[in-house]
Amino acid sequence: MDALLYWVGLVAVAVNALTGVLDAGRKQMDLIGAVMVGVATALGGGTIRDLLLDRNVFWVVDQTYLLVALLAGLMTFFAVRKLPLPPRLFLIPDALGLALFTIIGTQVALQWHAPWLVASLMGVTTGIVGGVLRDILCNDVPLVFLKGELYATAAWTGALALIAMQEMGVSGIISAWIAMAIVLLLRLLAMRYNLTLPTFRQPNT
Amino acid sequence: MDALLYWVGLVAVAVNALTGVLDAGRKQMDLIGAVMVGVATALGGGTIRDLLLDRNVFWVVDQTYLLVALLAGLMTFFAVRKLPLPPRLFLIPDALGLALFTIIGTQVALQWHAPWLVASLMGVTTGIVGGVLRDILCNDVPLVFLKGELYATAAWTGALALIAMQEMGVSGIISAWIAMAIVLLLRLLAMRYNLTLPTFRQPNT
Amino acid sequence: MDALLYWVGLVAVAVNALTGVLDAGRKQMDLIGAVMVGVATALGGGTIRDLLLDRNVFWVVDQTYLLVALLAGLMTFFAVRKLPLPPRLFLIPDALGLALFTIIGTQVALQWHAPWLVASLMGVTTGIVGGVLRDILCNDVPLVFLKGELYATAAWTGALALIAMQEMGVSGIISAWIAMAIVLLLRLLAMRYNLTLPTFRQPNT
């Protein structure tokens, strides 16, 4: 389980760095600026989780994560100058990164003996904070909170499902795969069919 | 004192979650997005204080705070869909939340043996960071820094008054109530009479 | 070395508080609001570094930093009301603050036995995060990431040069001065000759 989580985590870091660089590009950032936004997107969620849980920050302990984020960011930057990428292409890796990070974050918090509600929120934090940081650094309203995206909703549902399954005795690996599939499916369905939660509406405005 | 601080803290959390959800609503966020902004508004200030002081984060240790923030956020979201709320109504709970959080934050920092200037800034941090986070997440210039609001000023005056009173031997509960009243009064007066501090002015621009 | 770093650090704090207050002024903030943005600009980078490395936050341990940031912020606020300052004047202290903070941040991380890549990023963090915070609080796209500024690039080059020199056995003080000069020179050259790194360009947009 742990070795799997490690490799899956590296993939998620690379995927998130890619989405960060792509978004930074729209704001006329230069090479290092875009790569920095990519690194913040890739490592931000797990960093906040580790600070909140008072763990050692994962990429300070193991430089590999930082290296992967930097390399993925650099490669994206130069690849995009050569290859035309359809704008919607990055939505799939983005959904994948959300699913991976959410499950890893929940799992880490559970192993740290955080209470269940906190653990589920740590999963959501790990999953979405990178994207929130990216949008703040690019001066946008964070995408993850906007209606019709089901971003935070998908992450939270998956995190709660993981915790419920482990409580019921489902094995670690199986429950992790199922929960990941739930996040991914919800997010993809939201994109495909434009699903929405109730939006905020103030009758008096 | 401690039991009182605890209950007062829960009320402040609920009140701040309410203001966060109300503000998030103006940005077309969906249910979970608005609730997340509410939770960040409610817990953000105390979280930053605990990270800076190297304490355990209060809502990770005690899930009750998180539960209260979530429930208050959910209830606000649905209540607002049914009841028309005058827009200025939330300014009173907002001022109350500022006063409560500022005094609690200062008190916590003093008990943690932070030096007095740091303790006063921890009070301000606990009081205003939630609102700053809310405004950043909603992509606004933070309200608390704008002229004519006396936001940070009210918080800082109250925090310094609390420290001065305790230094002079006034009992914990009495000094806390007086300091809270000072913050609340300054903030309400600023709203009522549009009090302002000197604004920044560059003669050459 | 340590005593020198200490005094140089205080100067860097004052300089960064000055730039924060100047920028906050453009957003119609009042006295306390502008000073708070100045304090965040001055202490933000080192604070994030200390949180990430799990050190005690430097200005909580030693109040002097906080006092210097507050006083520098206040003095800037009132000085600017009397004296006309040419807008480009603050770019020189800003570049100086970047150089000082980057080298101090890298040095602190190395003494904390962070691995080299992490240490270099801690230098960049200490150098630029204050300015990023300032721009986020003022609701701008962070200047440091924009093209043609070489901000993060100058910081990173200097941090890596410091690490390389110390690895090769150059003494602490000499390597620190040389690395500081590198950051300062790169930043000043970038401003003077409008040097740029490759900008992001998507062929399909």
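Just so it is clear, A, B and C label the chains in written order, and each chain counts residues from 1 on its own.
As a working rule, a contact is a pair of C-beta atoms (placed from the backbone, for glycine too) under 8 Å apart; a residue touches a chain by one contact, two chains touch by 3 or more.
These figures come from a predicted structure and were not determined experimentally.
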Classification of the chain A:chain C interface as same or different, half of numbers criterion: different
Angular offset of chain B relative to chain C [C-alpha, multiple of 5 degrees]: 120
Centre-of-Cα separation between chain C and chain A, whole angstrom: 29
Where chain A touches two or more other chains at once, by residue number: 51, 136, 139
For the chain C and chain B complex, residues of the former touching the latter: 21, 24-34, 36-37, 39, 47, 51, 56-57, 59-60, 63, 66-67, 70, 77, 80-87, 136-139
Complex interface listing, chain C residues touching chain A: 51-54, 114-115, 117-118, 121, 124, 132, 136, 139-142, 144-153, 156, 196-205
